[in-house]
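In what comes next, chain A is part of two complexes: it sits with chain B in the first one and with chain C in the second one.
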Partner chain A sequence: MSDQKLTEYVTLVSSDGFEFKILRSAACIAGAIKKALDPTYGFREGEQNSVTFASINGVVLEKVCEYLYYNQKHAKSKEVPDMEIPPELCLELLIAADYLDV
Partner chain B sequence: MSARRGGRGGRGRTGAGIRGPHSALTDFLASHNISARDIRDSAAQRIAQAEQLTAQEASEAAANGDSVPQDEENVEEEEEEADVQEESSAMAASRSRKRKRDQEEAIAKIKKGKAAKKKAPKKKQKGGSDVDDSDFDVMDMYKKAKKLPGQLENCELCDKRFTVTPYSKAGPDGGLLCTPCGKEMVKEAKMAEKAAKPVQRKGRRKLESNRLDGLITHGAKTLQTLCIETLAKHADDIEELGEMPEPIVNRLSEIFSKKRAMTSNTMKLFVQPDMDAVAIHEAAYLETEDFDQIFAVNPNIKKLALRNCCQFKDQNLDYMIEKAQHIEDIQLLGANLVSNDKWLDLFVARGPALKSFKVEWLDAAFDDQAVEALTTFCPNLARLKLERCKRIGTDSIDAIARLEHLEHLTLRFCTEIPRDRLVHMIACTGANLRTLCLENFLDGTADPADDMLDTIHSTCRKLQKLRFTENNEVSDAGFVNLFHGWSNPPLRYIDVNSTRDLDNANPDGPEEYPVGLASNGFTAMMAHSGAKLEFLDISSCRHISYEAFAAAFDGVKVYACLREINLSFCPVVTTEVVAGIFRSCPSIQKVVTFGCFEVREVEVPRGIVLIGAPKAQDAIEQFGDTVFDFQRLDGAGGFGSAGFVGGRVVPVAG
Partner chain C sequence: MIAGRGRQRIRPPRRSVAGDDVDFEQTWTKISAAFTEIHTKNASRLSYEELYRLAYRVVLKKKGDELYKRVRQFEHNWLSTEVRSAIQALFSPNLLANTQGLGGTTANERRVAGERFLKGLKQAWTDHQVCMSMLADVLMYMDRVYCQDVRRLSIYTTAMLLFRDDILNSNTSEIDSRVVLALLNTVILDQIQMERDGDVIDKHLIKSCVYMLESLYDDEMESEDQRLYNVSFEHEFLATSSEFYRHESEFLLRDSDAGAYCKHASRRIYEEDERCRSTLAESTMPKIRKVVEDELIKNRIHELVEMESGVRFMIDNDRLDELNLIYDLNARVDDRKTELTRAIQKRIVDMGTDINNAAIAASQATPAAPAPEAGDKAKGPNQEKSLNQQTVAAIKWVEDVLQLKDKFDHIWKDSFQSDHSLQTAVTRSFADFINSPTFPRSSEYISLFIDENMKKGIKGKTEMEVDAVLDKAIILLRYVQDKDLFERYYKKHLCRRLLMNKSVSNEVEKQMISKMKIELGNNFTLKLEAMFKDMTISEELTSGFKKHVEGLGDKDPKRIELGINVLTSMTWPLESMGSGDDDENKRPKCNFPMALDRIKRGFEKYYNEKHSGRQLTWLANMGSADIKAVFPKVAQKDGSFKERRHDLNVSTYGMIILLLFNELPADQYMTFEEIHAQTNIPRNDLMRNLQSLAVAPKTRILIKEPMTKDVKSTDKFYFNEGFNGKFVKIRVGVVSTGNKVESDRERRETEKKNDDSRGFCIEAAVVRIMKQRKELAHQQLVLETLNQLAAQFKPEVTMIKKRIESLIEREYLERIEGARVDSYRYLA
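Up next is the complex of A and B:
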């Protein structure tokens, strides 16, 4: 493991150019992001510590980031309160979640 | 209030003389030359003066016709107040104070009442043009005494006139409410209380229910689950699902069905022209026209699954035959309005193209003739499921025996079938079968024998799933023969629940010749299939001994794939056996032990759920939290994925 190469934070970029800098550990809860950032695969995303999503807009990506932190916070606990999801975002978020594998 | 002392209690006091009850504070103040009585009296006086003043003012205002400007009035007030104060202090010294106070109060009251009466009509005459006045009016109304029971009053909310009763409710602004409004308010209050209170309780109950459904939740739900659940909550607001992956659409359909939200409106979301399959797991709310919609919107449909489709009629089947020319997989549950002849029409029309046919819960039509037509016209059937269809019997078994391409066969009849016919059917179709489910097949006439199991042993080579349940006519020796030296590869799924003796007088069954799956059969089964076994149901197999369980789950033998095991009502299962299962089955997720009274105080490893341990102190199911040594060795920590779905409807959270 080359720990010095792995930054603590990574950047997620939405289709409309919003950048979200979040903890690597949280970002890697999403299977797709984890694979994209995995240094063993040698993707450009892994080198730049940044992933761009052409199909996810800023509003949805923000919610995704919120979820990732929510998931990380409750990883060890039981009886987790459900995260509120605004109904109007639901379908887009569902498609994003399917894409990101979370 | 301070503690009082009786007069006699004052023996030790310095102040002499006999007095009435006294408080300690009074004594203290007296020693400082302050009389409590004086204080009280002057306070009362001040109150009386204030009342008098307002009364005077009111009468003055009435006399002046309320034309006095506000400022002037105020000045007057102040002057008067000062005068009266001086006067009163003098009077207080000379007169009997109490009497005066009472008098004043009485006078003030009378005056005030008069003034108010005088004032009210005058105000009305003026027409309420003066803002200050109208304010005053409201204040007066506010002070009005509440109506007594029997009197009439206007409801505060709806303004209706009603008779006041002792049960009339007070409104939000202090007035009274009529009976309907009062009821409404009580209801609202109750609702608010309900909404505020049971959140915790509901959460707990739901959690327990989810646990019993086998939904193991550690940490947060996945974002997909959250989204799907939110979607289901807003079922009626969705207009279109859009480009959604098919597994998600199916999952949504399952949740909608579970929540009984599958109506004519919401059904349209799941019927899209470009999809191969339409699966509606709860179609009880759909009308006859809705079923036509499916084929009108999606004529290219290949797979149709409708459960509880009570309103599915002949005309729907006609329309399907006409429109859906590519359909090859049909599942209909409870379609009792389809007549026998229409079933025949369907089989003739689809003919060799039909690959899969599943019907359940049919009792009005669908008889042996229909099954014969099915096997005659649709020889390419690979999957057949006939469960709880009341009008079919032995002839159907013979008909099924003619299906050469069967791979999955599930049967549960409502009549007794001679065993030799079943043996014949298994012998004819067994070689290609991957799934064989025979539930509750009893002969009833012939002597118990193991020829069915023997036939399975000799013909089946490709079985992965075997269900052979509710049977007391097979013996342990039969199971030993089945699994011993069977050239079928290890099974993935075994359900042999309720194969046991049914003699109440002798619950242990005959010792020499055990009935159903007992110790030897169980040992042979685990030896044959243990390596690949994922699901095992041996509930109510009462004749398996403790030794057999202990030997099978000794913590050394490993059943790498076993995920779910049901040991309910196996009375010999103990805490040690359950602990052995935890060690022997690294991928285990769910252990069911209803009615196993020897299971107590088990420490459940993390990621595993133990359901139904009757002696468990706190909960009927226990969630593992401890990470055991043997789990650390794996490194995985037992975090299995909770979603193992084998083609059936999985429980839905919420």
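Up next is the complex of A and C:
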């Protein structure tokens, strides 16, 4: 449906307006983002190459992006160093993860 | 960081996401509006995230169940209104009409209508698939959380089932109760039928419809064999195909020949394979292949093989390709290729029997044919001639059989892919007709064939060709069951060849024997080899004796050179060399003339010095002599007065007779009785020798009075002084020196002798077995005996029984009293 070429980077926008440009391949690790950007369906997100999350704020989204890169980086290695997660973000991150299907 | 804070504090999630009370109805309105947009392909106006968030919230609020039901309902409505009506619009009246079996539309119209329908359906299906996967993505959170929790099918699967129920299983129209699925099947089948009839159809289109059927299941279990494709379409497809091919095969069998049928059948099989690959599903391939094979081959192979233009025709006309096809087809449905094997065997036996009959006819027709023109000829030569004729027939028989064998070997290799089971079948058939009870002469004929080749055939051939001929003979030999009978004939023929120096090459003879040794084992050739050994020893003896005589200083210019063959009486078939009925012991010793007698005694003395305790029996009836004869100057027909010298090659008896005339004054005569009294040559032999000396025109050394063809005991014989031969060397043939077919009387005798020796063989085998087993049941004993003797011949069971009886009589065996089955015990 959308003829335009897939861009290498996509934009993730948080509820408070922060924009994160990250690699498409990394972003697509999250199931919900992947589906939203799927070019065959032609949702608005797919055409604009950006996804706006009304329920996730910048701090959490940043952590999410960090995790997505972290996941991509260590996808094939065996001994993976722990990722540092501030305890106060735990719950919100969990909800975001559930929401995004990471 | 945590320790630094002293007290752990986790920020609570903001309430804004889940906290607000969600108005379900309002949300649903939004969602369903979006779905309509999706179905109408306007998705780019929608935000995935927003929809996703809406669904997410609904599920979080525990309204998943409600949402699921609503979506289902929504899809149901959509399909049964929008899509169904679109599909129904595709049913042109003539599509409906002809699927009801009404004719009247051309194939082309039908094809176009069918394609339109298929296209529409395919379009609806793909749209549905795309939309549903979008929906499923939007509702991913519901699938993930709600459906898994309560074990519902994912919304996608549910929607697919809805498609099945609302579209495929819906009625085609209000008045027509048939469902769309049935129509779909009919249309696809119709299209396939068109392709079979040679039309071009849109394979790709059908393939997509088949994909659709393949991805839908008849029940909720989604097992492989419950796919709609398997349940509804494939079943019908196989049924129609079976019907179609049944008709086609009937039609083809009636209207075309077997070769064309085979070609057609294999093309059909290929086409169906190809169709499964390109149009239908691969999984159908084995099934449809089986249907085609069943209908076109299995149920028809019998008729096919038996057709006028069937296997028989192909064999007769060397249709190797067609035979190959038939073989292929038969091999598909039957590992053992029963029908083809049967036909081939029958044909071989038929052709073999023809050859047999031809040989019998050839050997029987001849005595009748020459009868009129041979009116004035004596009975002797006439019979001789018929024997000759028979010999020719025998050789022809062997050649025919070999030709047949070649033919079938060729067919086997080229058309039957050197199939093993067929080879055994062919071999068995050859053995069958060669050993058929109506044709008992095969052993003799084969031996004659070898004899013929040994005598003349091989001359001037290369080693390779010789080898080929011998191999052929061996091949035939392999088929012969009564190997002992063959051995007897071969011995006899070999004996003649050796003694009369008829064999072209001893090398070849030995080669033949070593071939037989490989084929039939040591036992078989033992005696044949012994015969050769005797020949070699005899040569040594002859030269030894010659030296011995020279050593004696006997410089007699008239000395007679003696060539001697000492034959071991056990190994040589001497009885068959005799004139028949007189027994060896009773054979009267003929009187040798003085000159001969001396040298004979000399040799006996010499031989006894070398080997004591052996008795020499002189077999004058088998020898021959070279005589230098001088015919006096007598006026010839051409007026010359020359003295004529001839080297006469005559039989030993002939020599003895001629020597008698040496001592007789020129104008004196001797009667038959006188000659008989003086020489003591058996009457039969004497008569034959005199016949060749006095009757045969080219070798008339004696003159007989009266000049008749037959020799009577009162006939008088003169020396023919006026004899004039064209050549210096003259061979006086004695009747029946060559190897010919036996006359019936001889044959009966040979068979009787053979039976006798078989008796001994059986007895020996029985004793061997019993010695080992001590006790054995009758059945088993018979079986083992048969096994042991299989290499030599196949004895009749009654014969074995008789032998066992006789062994019991002679107290080698005894019956075990009171045993449940007949059993014997060995008495040491």
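A few notes on this one:
Simple rule for what comes next: the second predicted complex is superposed on the first by the 98 of 102 C-alpha atoms of A that agree within 3 Å, B and C clash if a C-alpha of one lies under 4 Å from a C-alpha of the other, contacts with A are read in each partner's own complex, and residues count from 1 in each chain.
One rule holds for everything that comes next: contacts are C-beta pairs under 8 Å (C-beta built on N, C-alpha and C of every residue); 3 or more make two chains touch, one makes a residue touch a chain.
Bear in mind that the values here come from a model prediction, so they are computed numbers and not experimental data.
In the overlay built on the shared chain, the residue A:31 is in contact with chain C alone; chain B does not reach it. When the two complexes are overlaid on their common chain A, residue A:8 makes contact with neither chain B nor chain C.
When both complexes are overlaid on chain A, the residue A:53 reaches chain C alone and has no touch with chain B.
By the touch criterion defined above, A:76 lies against chain B but remains apart from chain C after alignment on the C-alpha atoms of chain A.
Shared-chain residue A:90: touches chain B and chain C both. Judged by the touch definition given at the top, the superposed model places A:102 against chain B, while chain C stays out of reach. Within the superposed three-chain model, A:64 lies in touch with chain B and out of touch with chain C [touch as defined at top].
Touching more residues of chain A than its counterpart among chain B and chain C is C. The interface of chain A with chain B overlaps its interface with chain C at residues 87, 90-91, 95.
Partner chain C is touched in their complex by these residues of chain A: 1-2, 31-32, 35-36, 38, 40-47, 51-55, 57, 86-92, 95, 99, 101. Interface residues of chain C, counted against chain A in their complex, comprise 1-2, 8-14, 16-17, 43-50, 52-53, 56, 130, 133-134, 137-138, 140-141, 144. On chain A, the positions that touch chain B within their shared complex are 64, 67, 70-71, 74-80, 82-83, 85, 87, 90-91, 93-95, 97-98, 100, 102.
In the complex of the two chains, the chain B residues touching chain A come out as 203, 207, 217-224, 226-231, 233-234, 237-238, 241-245, 248, 623.
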